[in-house]
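Chains here go by letter, A, B, C, D and E, matching the order in which they are written, and residues are numbered from 1 within each.
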Amino acid sequence: MAELLALLLICAGLGFYLAGAIGLLRFPDLYTRLHALTKADNLGLGLLVAGVALLHGSMLLALKLLLVWLLVLAGSAASAHLIAQHALRRSREP
Amino acid sequence: MSDLLIWPIVTPLAAALLALVWPSRATSIGIVAAGLTLLSTLRVAWQVSRDGVLELALGGWSPGLGIALRADGLSAILLAMSGLVSMAVAVYASVYFAGSAQRAGFWTLWLLLLTALHALFLSGDLFNVYVTLELMGLAAVGLAALGGGREALQAALRYLILGLLGSLAFLAGVAVVYAGFGSLDMATLAGVAAPVPAAWVALTLMTGGLIIKAALFPLHIWLPAAHANAPAPVSAMLSALVVKAALYLVVRLWLEIFDGVVTSAAAWVIGVPGGIAVVWGSWAALRAARLKLLAAFSTVAQLGYLFLFIALAAGLPAGEPRAAVMTALVLMAISHGFAKSAFFLGAGIVMQRAGHDRIAELGGTARALPLTTFTLALAGVALVGLPPSGGFLAKWQLLTTAIASGQWIWLPVVGLGTLLAAAYLFRLLGHAFAPGEGVGPRLAVGREEIPALALALTATLLLGLGAAGLWELIPVSAYAGRGL
Amino acid sequence: MSLTLLYALTGTALFLLGLRATLLHAGLLARVVALNVSGAGVFLILVAIAYREAGQPVDPIPQALVLTGLVVAVSATALALALHRRLIKEQAHE
Amino acid sequence: MSGLFTWLPDLLLAAMLVGLGWATVSSTDLRRSVALFIAFGLLLSIAWARLRAPDLALAEAALGAGLSGALLLAALRDEPPAGAVPEGLPRWLRTLVDLLAASLALALAWVLWETLSEPAPARLGEAALSALERSGVSNPVTAVLLNYRAYDTLLELVVVLTAVLGVVTLGRERPGYRRAGPVLYSLVRWLVPLLILAAGYLLWIGAQAPGGAFQAGATLAAASVMLRLSGIDSAGLPNGLAGRLVLRVTLSAGVGLFLLVGLGVMGTGRGFLHYPPAWSGGLILLIETAATLAIAAALALAFRGGRPAGWEADDPDHSPRERRP
Amino acid sequence: MLTSGALALTLLLLVLSLLLGLVRVLKGSSLEDRLLSVLLLGSGGVGILLLLSLSMQLTALIDVALVLALLAAVTAAALTRRGSEHG
């Protein structure tokens, strides 16, 4: 049962990943792409982490996985901000 | 236990660390370390001449799983040459770099270069050889760039990139060796290497990498600029020792480890470029406008001779004549090592005194710097290969073997190379003895002139008259189980 | 065809792509990048040789060699970049 | 069917590696080429994982994709704005290089095909694993690096030291970065402690699981890089004259301690680097700790691109006009 | 059996989505787009490593994912901080 749930979580996470990748490819401008990517990635990875943690079935590993997720979350939020800032600065001061 | 094998490596390494932490004493640390290293190399050479091959399995693991250091005749001779040359260079550099901003930087990198050279000569493991090659390359580049100036930096960069490419090709060869033969220990490989595709491709890749580093024509393009623009003590190390290290590996691979794999047809692949290098390098040296450039092109030519020797030896079956060619090869290599380092050190003195090294403007050198001019002439004698130098004996052996084995084609090559070398030497001396004031007034003999002269004397007299010892040492090989 | 072979051939391709680019490029930075790609190719060959199917232990020796090689590559890259920087400064002063 | 499933990701990964490698080396825009190289490193890290080389995956993530990328990105700042493109090779030479590369590729591919199609021969792996008990650690890669082939690793640390000394003698460091804005600053505030923590973890775990001095050193260096990027110029390196001495000692600590241990065990009547089995574990951890610090210091200096102010007591300014002595 | 099959499939799809990201890098119209793709490759890479840690039974790969995530943040900072002294 737990296994099935884990697989479902992983598959759902995967859906977000794919959506993010397609968004990256198809969206017209940088800011919507940025938005699509960070949202999709963070959610996708979150679901995936939950699934993987369930399948590994160890508390210690689950904590580590949570840390990985938080890292990616914070890292991608900060770097998305940096990228947007960078792009803004460049468009303001060519 | 042959713990004495570690000292030629550990001594300069420990001194390098000391010089890094205590830069104000770098010169004294460097000289003392050079002396101790010299003693350790002579001790190894003496032990090899007495007991034969020395082996040290590092960490107590059997070679293969672990790494072995080995010293045989070939490595002992090169090690001793390195110890002697670097001692002379150390004395010279203590004057050359006195008061210079790069003093501390020079000594640490120089000691690290010495570490790399000795580690390479003693290594018995192919991957370890790769690491020492990289170490040698990086230390040499750091030293070559010390001169500053656009030309020196550009030359150093080109040297670095080509050197890295060379070591990468070597590493690819090592990977194929491991895939094909399952070991990295050179003695084990000498026993199992068979003429199969893996051996051919591995040998091609490794040789390809090494001839970049050994500057075999037409891959010599990096050498003249790098050797001519480095500070004189560095040029001496690069020309005398660093290119020899790559050449040493080619000898090991072609004549010992993969002896059964190399065919006499393959020998032409390095013999022909070697022959071209002899003629072309000598010609370029004759036309060179600068003294250090002349010396650098002469190195290209001399390396050509050495590759000719390898090709000739590879074509011979194991036995007496082949051992003779091998010995002549080593004699040529070390007499070039001593002569060329003497030449570069002498050129450095001229350059410091005159502020330039344009050959056409060197009039008055003989009057102002008699001892250095004598050094240059003496080193030149060995480079041309006139008796009684070691170069003469080696070339004589080359010619007799070429005739005996019917490879007549090398006769005009050697003849032409010698004539051109004599021409560039006399051109230089002609300018040096011409009247002129370019070099300034005559001064007392400088401390830096003595080591240069000692090296030149070694190349001309000592090696020419005392070469007999080599004939006994060279056949002592750690890797030629079936050969020789 | 095995996994070993797949990655060994991939490594071969990368090694020679990088080697060719190192020789052909004129700019230093491009050559350094190409050298690094080339090195990665050689490392891939070595690690592929070490690989064994699940159940058998992998050969740790090539892996250790590659680790050594990686560190050497980074060191060489650092030296090349510093030389390049000094050269640019030197040229700017002329 | 499931065979295809397990195969396809590897095929895709291999194709992506080659494609990305090709794009990286053939791009004419340097910035693009560096960005692609970083992506290439990320993929490579996955490839190492797939080939059951987690130690390498760690090292690649930290060194290959991480620090090499940072080094190259920093070097982009040095490029002159409109650098004149030096002349390339003549056409016939280009063709020659192409031919050479193609024939070497074919030869190498053929030999690898021949040798690797057969079931793997014994090689040295079995010997390495069976001697593991006597090595003092349980991670086989660490055993190879710090025990069987410790001498290689010693020389490798010397390589790192040599390269960074070359960097230091070549010139002064690059100017620092602008002070960080609030977002970057908050990123730095939690990222740097985490990096240091991760370095300690990798160093400790290296004895029994993937990890070790190189991965730890690179991670620690990344902490310094992060500080430097955020405008904190000292970036964790010791300051002042006494600090420079500390820095020099740290740089030489990796090699120095290795040498001391190697020579020290000779006092017990063993050979160079031949650890007494009972002590191997402790000695290896000692060496690795020093090596971690040395590597971190070296990589941090390499990122700065030259010697920090006050590196030498009289700090000679190497002005570009300086001539040979 | 089901799990391992499903894992193989998810791994494949994740690699595919990475491939899509790569296409963006290669098409890359602007520098920012390339940075974005490096981000995607970073988080996608973390995902793949986590899945591999399951299918290969190699928990050490979680550590790799951790280091990858840490260094991806450093790289992102390095990418955007470039040239800040001129800006």
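What we mean here is this: a contact is a pair of C-beta atoms (placed from the backbone, for glycine too) under 8 Å apart; a residue touches a chain by one contact, two chains touch by 3 or more.
This one's a predicted model, so the numbers in the text were calculated from it and none came from an experiment.
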{"item": "Required steps from chain A to chain B (each step between touching chains, minimum)", "value": "2"}
{"item": "Chain labels contacting chain D and also chain E", "value": "A"}
{"item": "Top chain pair, ranked by how many C-beta pairs fall in contact", "value": "C-D"}
{"item": "Centroid comparison with chain A (C-alpha atoms), farthest chain", "value": "B"}
{"item": "Between chain A and chain E, centroid-to-centroid distance (C-alpha), Å", "value": "10"}
{"item": "Chain centre separation in whole Å, for chain E relative to chain B (CA means)", "value": "48"}
{"item": "Approximate Å spacing (C-alpha centroids) for the pair chain A, chain C", "value": "30"}
{"item": "Junction residues of chain D - those touching two or more other chains", "value": "50, 52, 74, 76, 104, 108, 112, 116, 123-124, 128, 148-149, 152, 156, 159, 162-163, 166, 170, 184, 187, 191, 194, 320"}
{"item": "Overlap residues in chain E, where contacts from two or more other chains coincide", "value": "16, 18, 35, 37, 42, 56, 63, 66, 70, 72-73, 77"}
{"item": "Residues within chain A bordering two or more other chains", "value": "71, 74-75, 78, 82, 85"}
{"item": "Contact pairs between chains, per stated definition", "value": "A-D, A-E, B-C, B-D, C-D, D-E"}
{"item": "Contact footprint of chain C on chain D as seen in their complex", "value": "10-11, 14, 17-18, 21-22, 24-26, 30, 33-34, 37, 40, 44, 47-48, 50-53, 55-56, 59-60, 63-64, 67-68, 71-72, 74-76, 78-80, 83, 85-89, 94, 97-98, 101-102, 104-105, 108-109, 112-113, 116-117, 120, 123-125, 128-129, 140-141, 143-145, 148-149, 152-153, 156, 159-160, 162-164, 166-167, 170-171, 174, 212, 214, 295, 298-299, 302, 305-306, 320-321"}
{"item": "Of chain A, residues touching chain E in the complex", "value": "3, 7, 10-11, 13-14, 17-18, 20-22, 24-25, 30, 33-34, 37-38, 41-42, 44-45, 48-49, 52, 55-56, 61, 64-65, 67-68, 71-72, 74-76, 78-80, 82-83, 85-87, 89-90, 93"}
{"item": "Contact set on chain C toward chain B in their complex", "value": "15, 19, 22-23, 28, 31-32, 35, 38-39, 42, 45-46, 49, 61-62, 65, 68-69, 72, 75-76, 79-80, 83-84, 86-87, 90-91, 94"}
{"item": "In the complex, chain B residues that touch chain D", "value": "1, 3, 6, 10, 13-14, 17, 20-21, 23-24, 56-61, 64-67, 96-97, 99-102, 104-105, 108-109, 112, 115-116, 119, 125, 127-128, 131-132, 134-135, 138-139, 141-142, 145-149, 172, 176, 178-180, 182-184, 197-198, 200-202, 204-205, 231, 351-352"}
{"item": "Chain D-touching residues of chain E, taken from the complex the two chains share", "value": "4-5, 8-9, 11-12, 15-16, 18-19, 22, 25-26, 28, 31, 34-35, 37-38, 41-42, 45, 48-49, 52, 56, 58, 60-61, 63-64, 66-68, 70-75, 77-79, 81-85"}
